Amino acid sequence: MELHRKRRIELIIERMAYKRACRVLEQAGMTGYTVLPSMAGFGGGNRWSRDTDISAASDMVVVISIGDDDKVDAALDQIANILGSHIGVVSVSNVDVMRPERF
Amino acid sequence: MDTALSTLLSPIILFFMLGMGAALLRSQMSVPEAFSKGLSIYLMMAIGLKGGVEMSKNPLTTEVILVLAAGIVLSFAIPALAFVLLKFTTRLSRTDAAATAAHYGSISIVTFVAATEAVRLSGFEPGGHLVATAALMETPAIITALILAHQGQKARGDIAGSERGELVREVLLNASVVVLVGALIIGWIAGEDGTANVQPFFTGLFQGVLCLFLLDMGLNAGRGLRQGWRQMTVSTFVFGLYMPLISAVITAGVCAVLGLPVGDAALLITLAASASYIAVPAAMRLALPEAKPSVYLTLSLGVTFPFNVTVGIPIYIFLAQQAASLSG
Amino acid sequence: MDTALSTLLSPIILFFMLGMGAALLRSQMSVPEAFSKGLSIYLMMAIGLKGGVEMSKNPLTTEVILVLAAGIVLSFAIPALAFVLLKFTTRLSRTDAAATAAHYGSISIVTFVAATEAVRLSGFEPGGHLVATAALMETPAIITALILAHQGQKARGDIAGSERGELVREVLLNASVVVLVGALIIGWIAGEDGTANVQPFFTGLFQGVLCLFLLDMGLNAGRGLRQGWRQMTVSTFVFGLYMPLISAVITAGVCAVLGLPVGDAALLITLAASASYIAVPAAMRLALPEAKPSVYLTLSLGVTFPFNVTVGIPIYIFLAQQAASLSG
Amino acid sequence: MDTALSTLLSPIILFFMLGMGAALLRSQMSVPEAFSKGLSIYLMMAIGLKGGVEMSKNPLTTEVILVLAAGIVLSFAIPALAFVLLKFTTRLSRTDAAATAAHYGSISIVTFVAATEAVRLSGFEPGGHLVATAALMETPAIITALILAHQGQKARGDIAGSERGELVREVLLNASVVVLVGALIIGWIAGEDGTANVQPFFTGLFQGVLCLFLLDMGLNAGRGLRQGWRQMTVSTFVFGLYMPLISAVITAGVCAVLGLPVGDAALLITLAASASYIAVPAAMRLALPEAKPSVYLTLSLGVTFPFNVTVGIPIYIFLAQQAASLSG
Amino acid sequence: MELHRKRRIELIIERMAYKRACRVLEQAGMTGYTVLPSMAGFGGGNRWSRDTDISAASDMVVVISIGDDDKVDAALDQIANILGSHIGVVSVSNVDVMRPERF
Amino acid sequence: MELHRKRRIELIIERMAYKRACRVLEQAGMTGYTVLPSMAGFGGGNRWSRDTDISAASDMVVVISIGDDDKVDAALDQIANILGSHIGVVSVSNVDVMRPERF
């Protein structure tokens, strides 16, 4: 199985802003992303938990997107802008994929 | 004040206190979010339908239109007052003060529903158009707050990925507006006969479901208070207690001028005094993300909501009676 | 056509339209998946029980058995017709056409339930065995579709990790078959007396829950249509409108031959005309993963389902009346 | 034994069997967790309220206090007996045996509810204080089990991150204790009149909701059994069948001595015979994480629960009748 | 704390097919995996969202499995076969674990 | 976009124990974490699934926490202690982040 090096963005971001982040990923040319719900967390000294948080205000979701170096760089610039206003954390790591033409 | 006590001892309020107590004692219990969100859609359908059916029985009078207009004006005006009070009495930033003010101009549907039950228990029958008023009062406060927040500030570029229309869609087509207004219109069209088949579900169960829902609201409010109170100063905390009273007194005056019957007046006062904790926070995250949710959510959900549901509503009914006797 | 209008203006259909409208206007509101899945189990239990109780009152007549048999034959046959039409009028691949055809041979329980209410509103009382017919019609279409898809193709090796029996289990033991058939048998065993205690839940609330469920279905259908329509050609789109009518006319003929009463005929016609959007898509993902879900889901959920619920059902009742008068 | 059969053929039990059968046949259907957790909160509110309302009608007699005390003593004592039996007849480790024993001292609310319905069907009316007894019996068993597990072992350091009070909070403020006890007190305060408005929801729907809930419980029990049975020996398996009977016979003796009426006796026997599968497993994961959940969960949920719901309850009613006739 | 290098498979796959993927992982000798729900996503030009998607057809889940190089390679071969028919994306990355004998 | 190397902890742990793990992360000085629900899994020869598992006993959650090397090491020591009693798997990987002062 031949594998190819790509970059994986993992963006933890407040729920109300995730669609903005997704649009940014699409505009940067990322071919796909997947959004996972989260149920609890801690940041800035505060704990939150989804089942006891009636508004979407402190709810976070996780956006995963795998893509080429260039596209990831383009996306990160825009994500930095979003995270200037919105609550969230972004990290990038190396992953190996099988069908490189799809990313 | 006998009805006040019987309101306080009704199962609905007792379940609210149970939830709040459990949360303050750090119980880990919770109502699954998907379940309580489902119940909230049920509640909004039920009050929308009921309001619509009642409106279908009477023609649209000038009084009805005046109440609707008064609601809109109050929702626009209250945030300005709240903003001034916050800027004078607390150290909140301009943005935080504006965002918080928006919550107090908008409304809490659950408070409205609890007040409706209490009003009925006290022997008054509110009109169906108060539901429409509730729906109309959700949004204007947001506009005032945005103007206050941006006033005298240099324009900031848009956040990346934001889309024309996303805020408008969030504000005008959120679940509570869609379901409330939609059900109201459906109730209006279908009328008493057309909705007879669905009454066992929407009327018969209403108060029971409300118990379950308020248990969850108590858990939410209690946890909100427990987690957020350390980030609050005394001056912001007390704002959450006196602001609803100020809005209530002003609105009682409006009711006296308009000569509203007690039931309608009590609900309009409650709407003015209640603070949003679902629709407005969501809108603020989109429009004013720099404002700190821990401030406005703790205030509206952890302080004002429990205050209104327990102590506030009896006071608002009392004010409505005074207003009615003044004008009558 | 007066009952047609009153059907269209019943709260159930109005809530469906509300949901569909909100979705087309890009409202972000949604009913939590866990909640609406729970409601769907409730609905299937309710109609299963009701059908079983009614069947327990009458002996199994030849007519009942003929209706069951007719349902099975229709579910086997309709996909073949649908496949031919799709291959002639659209550019869908063999696999896509077969997968889509399967949806039209199978049934939509929600359409069936909405039709049951409309039939009652029109003054007819359908028999309990139609619920059994609905359950029996879910599956045969899938078999026809698989034969059509694989016909004349070299056998493909199994997908890694697939297991003998997983498709059979998915098709014969999915939630709707288990709950529908199970509740039917339970209703049959327990009878009217045995189920008296559970009637307030399953009968009293039925139509109210249906309103809530159809609001969600409207949201689903509207979003399905909005997201999928760009991937559809005009010829596939119109297939979603004329195919139910063709199935309906054929089935009306069958009903005339069998001499079915109007209530039963209307439901059998509706079953034939309705298209699956839960059970069959799931089966297709397992059995024909190469077929594009965007095609068959947009068609069955975004086009045919709203068509049936609003315009279709009155037409099918009308056809049933014609069939009954022909044979009567 | 005619009532035994009619119990077995009641929709509630039939839906349980349907779920269990579907799971054993490897159906993939499931009730969403959020939905069934919501329903379980409803059920606990309903029985709590009902118990409280009934207790509000009568003064607190010595008999009531004796029943409460008997329940607590049984919950403390049964685990010791269960532990000895497990150590003698099986090869479970000390920790596993203690953890399993805790489950049998504690109770299953669903079994209790199913028994309440069966007792009513048999023509007896249990007292409201049995609900309070159920709540009181949840916890003592855990204490006995912890003593048994740690006895004669060198003290182990605390697990990192564990917090003083987390176990106590989990055990005394878990959802079932909070809701059950809370609703009981609310029912007591509000009384029959005060809860009249919420009765359609909490009483009218009760048995219907129970059907839906037991369908899910059947799925859970069936899957628990299917996944866990390979890890069980015959001697642990049969423990799940005879242990409830032993607890039942002992409790029947207690009931004879106390001279309890049949309805109360049947429920106290059922409580003693039932085994926890929610509260105790959670507590054991905190307090005895080394104990293997696959053992105690398969036993209590996969073996004892289905046994009790189908065969056990009729036996316990029969034992209660014998006890009453002995003492009467 | 001594750490040991392992490989982490992250498979994003349509819900209806995830059990096939899980069987493949078990057959390849992976000692464990965990399946996470997802709530929304984008791929092939289409957005999807779980709460508004009544059928399981476009719902994705994420399967995480950590294991030895050999086992991961064996699993990837089979996963490639599954992804020949089913919708999904697989990626592999390096992770460090504490108790190597468990993988 | 300048990126900085950090470590990412991914802890798969039984639901009843996740708060213990979170306290450990907080004590070790990690500035944040996010908890994701999971829906099914396999380990020690057993499969589990959330929708058919009435107790929280075999339910797992995933805790993600990004932080400095030192803090991660401190946290791992304590997590090792927790995993001595509780069911779970921990892995660590390298990620790049944008605002290093936040971790």
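Chains here go by letter, A, B, C, D, E and F, matching the order in which they are written, and residues are numbered from 1 within each.
Note that contacts are C-beta pairs under 8 Å (C-beta built on N, C-alpha and C of every residue); 3 or more make two chains touch, one makes a residue touch a chain.
All figures in this text were calculated on a predicted structure; none of them were measured in a lab.
Shared contact partners of chain B and chain C, listed by label: D.
Averaging C-alpha coordinates per chain places the centre of chain B 41 Å away from that of chain D.
Averaging Cα coordinates per chain places chain A and chain D 45 Å apart. Once the centre of each chain is set as its mean CA position, chain A and chain B turn out to be 34 Å apart. Contacts with at least two other chains are made by residues 30-36, 38, 200, 204-205 of chain C. Along chain F, residues 22, 36-37, 47, 93-94 each make contact with two or more other chains.
Pairs of chains in mutual contact: A-B, A-E, A-F, B-C, B-D, C-D, C-E, D-F, E-F.
Residues of chain B that touch chain D in their complex: 6, 9-12, 14-15, 18, 22, 25-36, 38-39, 200, 204-205, 207-209, 211-212, 215. Within the complex formed with chain C, the residues of chain E that make contact are 14, 16-17, 19-24, 27, 46-58, 78-79, 81-82, 84-87. Residue ranges of chain A in contact with chain E, taken from their complex: 1, 3, 6, 8, 18, 22, 25-26, 31-37, 61, 64, 66, 93-99, 102.
Residues 32-35, 37-38, 41-42, 45, 49, 169-170, 173-175, 178-179, 182-183, 186, 189-190, 194-195, 197-202, 204-205 of chain C are the ones that touch chain D when the two sit in their complex. Chain contact summary for the complex, chain E toward chain A: residues 10, 12, 36-44, 47, 60, 62, 73, 76-77, 80, 83, 89-94.
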